[in-house]
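Multiple structures are listed underneath, in structure tokens.
In the two complexes below, chain A is the common chain; its partner is chain B in one and chain C in the other.
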Partner chain A sequence: MKIKLKKRLKGYKGDFILDVDISIRKGSFITIFGRSGAGKTTLLKMLAGLLKPDEGFIEVSGKVWYDSTMGIDLPPQKRRVGVVFQDYALFPNMTVEENILYGMEKKDEDLLEMLLSLTELKELRKRKPQSLSGGQKQRVALARAVARKPDILLLDEPLSALDIDMRKKLQEELQMIHRTFSLTTFLISHDFSEVFRLSDKVFVMENGKIIKEGRPDQIFVQERISGKVRFSGEILQINREDVVYIVSVLVGNNIIKVVADPDEVQDLSVGDKVVVASKAFNPFILKSE
Partner chain B sequence: MNRLRGKIVNIESSESISLVEVKTDIGNICAVVVETPETAEYLKVNNDIYVLFKETEVSIGKELSGMISLRNRFECVVEEIQKGKVLTRLVLKCGDNLIKSVITTRSAERMEIKKGDSVTALVKTNEVSLMEIPDGS
Partner chain C sequence: MGADFVQTLFLTFKLATLTTIILFFIGLPVAYLLAFYNFRLKSVVETFVSLPLVLPPTVLGFYLIIFFSPDSFVGKFLEETAGIRLVFTFEGILLGSIIYSLPFMVHPLQSGFSSVNRSIIEASYTLGKGKLQTLWKVILPNMKQAVLTGIVLTFAHTIGEFGVVLMIGGSIPGETKVASIAIYEEVEALNYGRANLYALVLFVITFAILIVVYTLNKRFTKAENL
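Moving on, here comes the complex of A and B:
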């Protein structure tokens, strides 16, 4: 899959050019990471055909979706793409299954059942969106996006409005759907642990350009240590305790406490992204119930 | 975390574990790592590397005699001692380098450690980590 796009954008600090030239392996789970206003959503909208680039080229699975020199510009419904945005955008007058069926090109009962079960919506199938929770609505949106049998799935911060438990649950379902349907998935996310958990490649965007690409650990971890046990997280708290400090780090849903020397703590502050590493020799493994 | 810069002088590997010997200013330091030159690019003789070990993994000996399995031992002078209720932090001078150690206050008192004492700092090989030196530093 090849994407080469240019578009002039208006930013709050003046105009800038979105200029992206990337190739993506089919089946990848891609995260686009970057500040707001970097051009991430614009890029997804251009892929979906919802926004016209100034110039460029999009080819997915051997099919050209857009080519400015040839005058090719497939409309959104001709592109095999599923889209989920932060706001659920479900049809309020339709039930869960009607919403999902609406996404299909032709009615496919087997696929409907599969999607309902993957997203745990079987029991809610006759309900209307207004009676669903945020997590449930987002599942419907996801099932509807996949119901089109897309080649690529575009997710613009789909989980950012959800609480952490629901987010984790949906991350698992996302991953399952990504694999089950052999999708190439693009996710915009600011959630560090989400990026690590889900994606196999990260593109970091800044002012419309890709400034870094690689595996999450290559992008976010500067130092390569021989530690076999390593987690990425965010510092929640730094407390002095006796002659040392206890640094609490949020890793996924867990808080890990690490003893640190006063000299180490000098460069650390709450909110910092860090790696917690230990040697393979230290941890115990206890079977959980 | 104690961090020293050194050069790899020897690597012995089994299937997936290596014993790596690194020459540093304070003497040779050995590390056992679950990596081999095949799995980790930085494991090459003559490569510059950082040796890391946590303060809490540095044991202290005073007037040591007899045999001990620890391979990493450094003769030091106590430069600074900070006693807490449970833990005591020692800053040790070893040549021109400073090593930090955290032991229990009980041990520090039992051994009557005070500033200016000559002590041996001991670190188990499996507590020593190696870290690639990022380019340009």
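Moving on, here comes the complex of A and C:
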């Protein structure tokens, strides 16, 4: 699968060019990682055929979906994609079951039952989307996207609106579906733990360009610090206390407080991505729960 | 009273019903185009659609007469090739009504189209469904309120129309004499009782239609907010 796309975009900090050139192994789980406004959703929409690139080339499982030099541009209907939208985009006029069936080319009762049980929606099949919780809507959207038996599955920050427990559960379901249907999956995310848990390969996107690619551990753990314990996180707060500073760092869902001297704090600011590492001590491991 | 009273009312509702049905199928593509596409001359199209809102009905009626009179090129052509005469006939007031009520169908549908969440439309496309299927299965069922408003406004507006019908149709019983014209004629002849009868029937029927619409609308809104 080859993707090579260019498009001029209007960002909130001025125009920039989205310029992506990646190739992906069939069946892999890919994450596009980056902050909002980097062009992630745009890339996804261009893959789905909902947005026209300025120039480029898309080839999926030997078929050309888009080629600006040849004038090929398959409409979304002809591309075998399953998309899970950020706002789920369920059809309010249809029940859970009807939403999933709508995605199928031919009515396939067995596939419907399989999807309903995979996503634990059997009891809710006759309900309308309005009466479902966020996690349940998410599952319907996922089942509907897969119902078409797509070549690639595109997920636009599908889990960002859910709470931790629900997220974990859905991540597992996602992985199961990815394997069961041997899909090539594209996940857009800005959640470290999600990326770590799910993806085979990460592309880090910034201002429309892929600036890094590799396995999640290669990308997020900086090799130059040879610490025994290290966490990636984000600075939430820097407080001065007497002669030292207390830096609060968000790691996953925990806040770690680190003592720092004024020199260290100088080039740190709130919102920075940092690595918290410890060399000298062996940490305790205690079983929780 | 009696036969011609019923005839006039029947004609009025026949005109309103036909106008509404035809306009629904004309208004749908026009509103769809205006809501989802940008093209050159879009403002010109929008202006033409809205023109009947501000133009005096008599002006519209006048131009229709000029345009379709058997002496004019178009009128002559229609009569010679298709045998259709549009001046002082039911077909004529039907055409007049369609043009005159166009904005009352197009505007609600257009804002209905714009109110439908873009991503459910895109979702339908990525699920392999074409534009027509998406329109019937996804877009229209999720803008019932707008569809209902367009239909009812068009119907009610056609019942209440006067100027255009009078200009192009005159007042031929059973052919072009609708209730609003009948009321005017009865008042002119000082037959207040009969005028009142027409007026009362129109009042009661339109009231009933509107109350049904508002009740339904309330239910749609509730369903959407669940």
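The definition used in the following text is that the second predicted complex is superposed on the first by the 223 of 289 C-alpha atoms of A that agree within 3 Å, B and C clash if a C-alpha of one lies under 4 Å from a C-alpha of the other, contacts with A are read in each partner's own complex, and residues count from 1 in each chain.
As a convention for this text, a contact is a pair of C-beta atoms (placed from the backbone, for glycine too) under 8 Å apart; a residue touches a chain by one contact, two chains touch by 3 or more.
Bear in mind the structure is a predicted one, so any value in this text is a computation, not a measurement.
Engineer: Pick one for A:87: touches chain B only (first), chain C only (second), both, or neither.
Structural biologist: The answer is second: A:87 touches chain C but not chain B.
Engineer: Tell me which partner A:48 touches in the superposition: chain B (first), chain C (second), both or neither.
Structural biologist: The second partner, chain C, only.
Engineer: So, A:259: does it touch chain B (first), chain C (second), both, or neither?
Structural biologist: Only chain B; A:259 stays clear of chain C.
Engineer: Classify the contacts of A:24 with the two partner chains as first (chain B alone), second (chain C alone), both, or neither.
Structural biologist: Touch partners of A:24: none, neither chain B nor chain C.
Engineer: Taking the superposition as given, does A:242 touch the first partner, chain B, the second, chain C, both, or neither?
Structural biologist: After superposition on chain A, A:242 lies in contact with chain B alone.
Engineer: Go through the superposed model and pick first if A:102 touches only chain B, second if only chain C, both, or neither.
Structural biologist: second
Engineer: Which partner does A:277 reach: the first (chain B), the second (chain C), both, or neither?
Structural biologist: first
Engineer: Touching A:148 in the superposition: chain B (first), chain C (second), both, neither?
Structural biologist: The second partner, chain C, only.
Engineer: Which partner reaches more residues of chain A, chain B or chain C?
Structural biologist: The partner with more contacted residues on chain A is C.
Engineer: Give one of first, second, both or neither to describe whether A:128 is in contact with chain B, with chain C, with both, or with none.
Structural biologist: After superposing on A, A:128 lies in contact with chain C but is clear of chain B.
Engineer: Across the complex, what residues on chain A touch chain C?
Structural biologist: 48-50, 75-77, 79, 81-83, 85-87, 89-93, 102-103, 105, 128, 130-131, 144-145, 147-148
Engineer: Contact residues on chain B for chain A in the complex?
Structural biologist: Residue list for chain B touching chain A: 1, 31-35, 40, 42, 52, 54-56, 82-89, 100, 102, 126-127, 129-132, 134.
Engineer: Which positions of chain A touch chain B when the two form their complex?
Structural biologist: 222-228, 242-244, 259-264, 277, 279-282
Engineer: For a test of understanding, state which residues of chain C touch chain A in their complex under the given definition.
Structural biologist: For chain C paired with chain A, touching residues are 117, 119-120, 122-130, 137-138, 141-142, 223-226.
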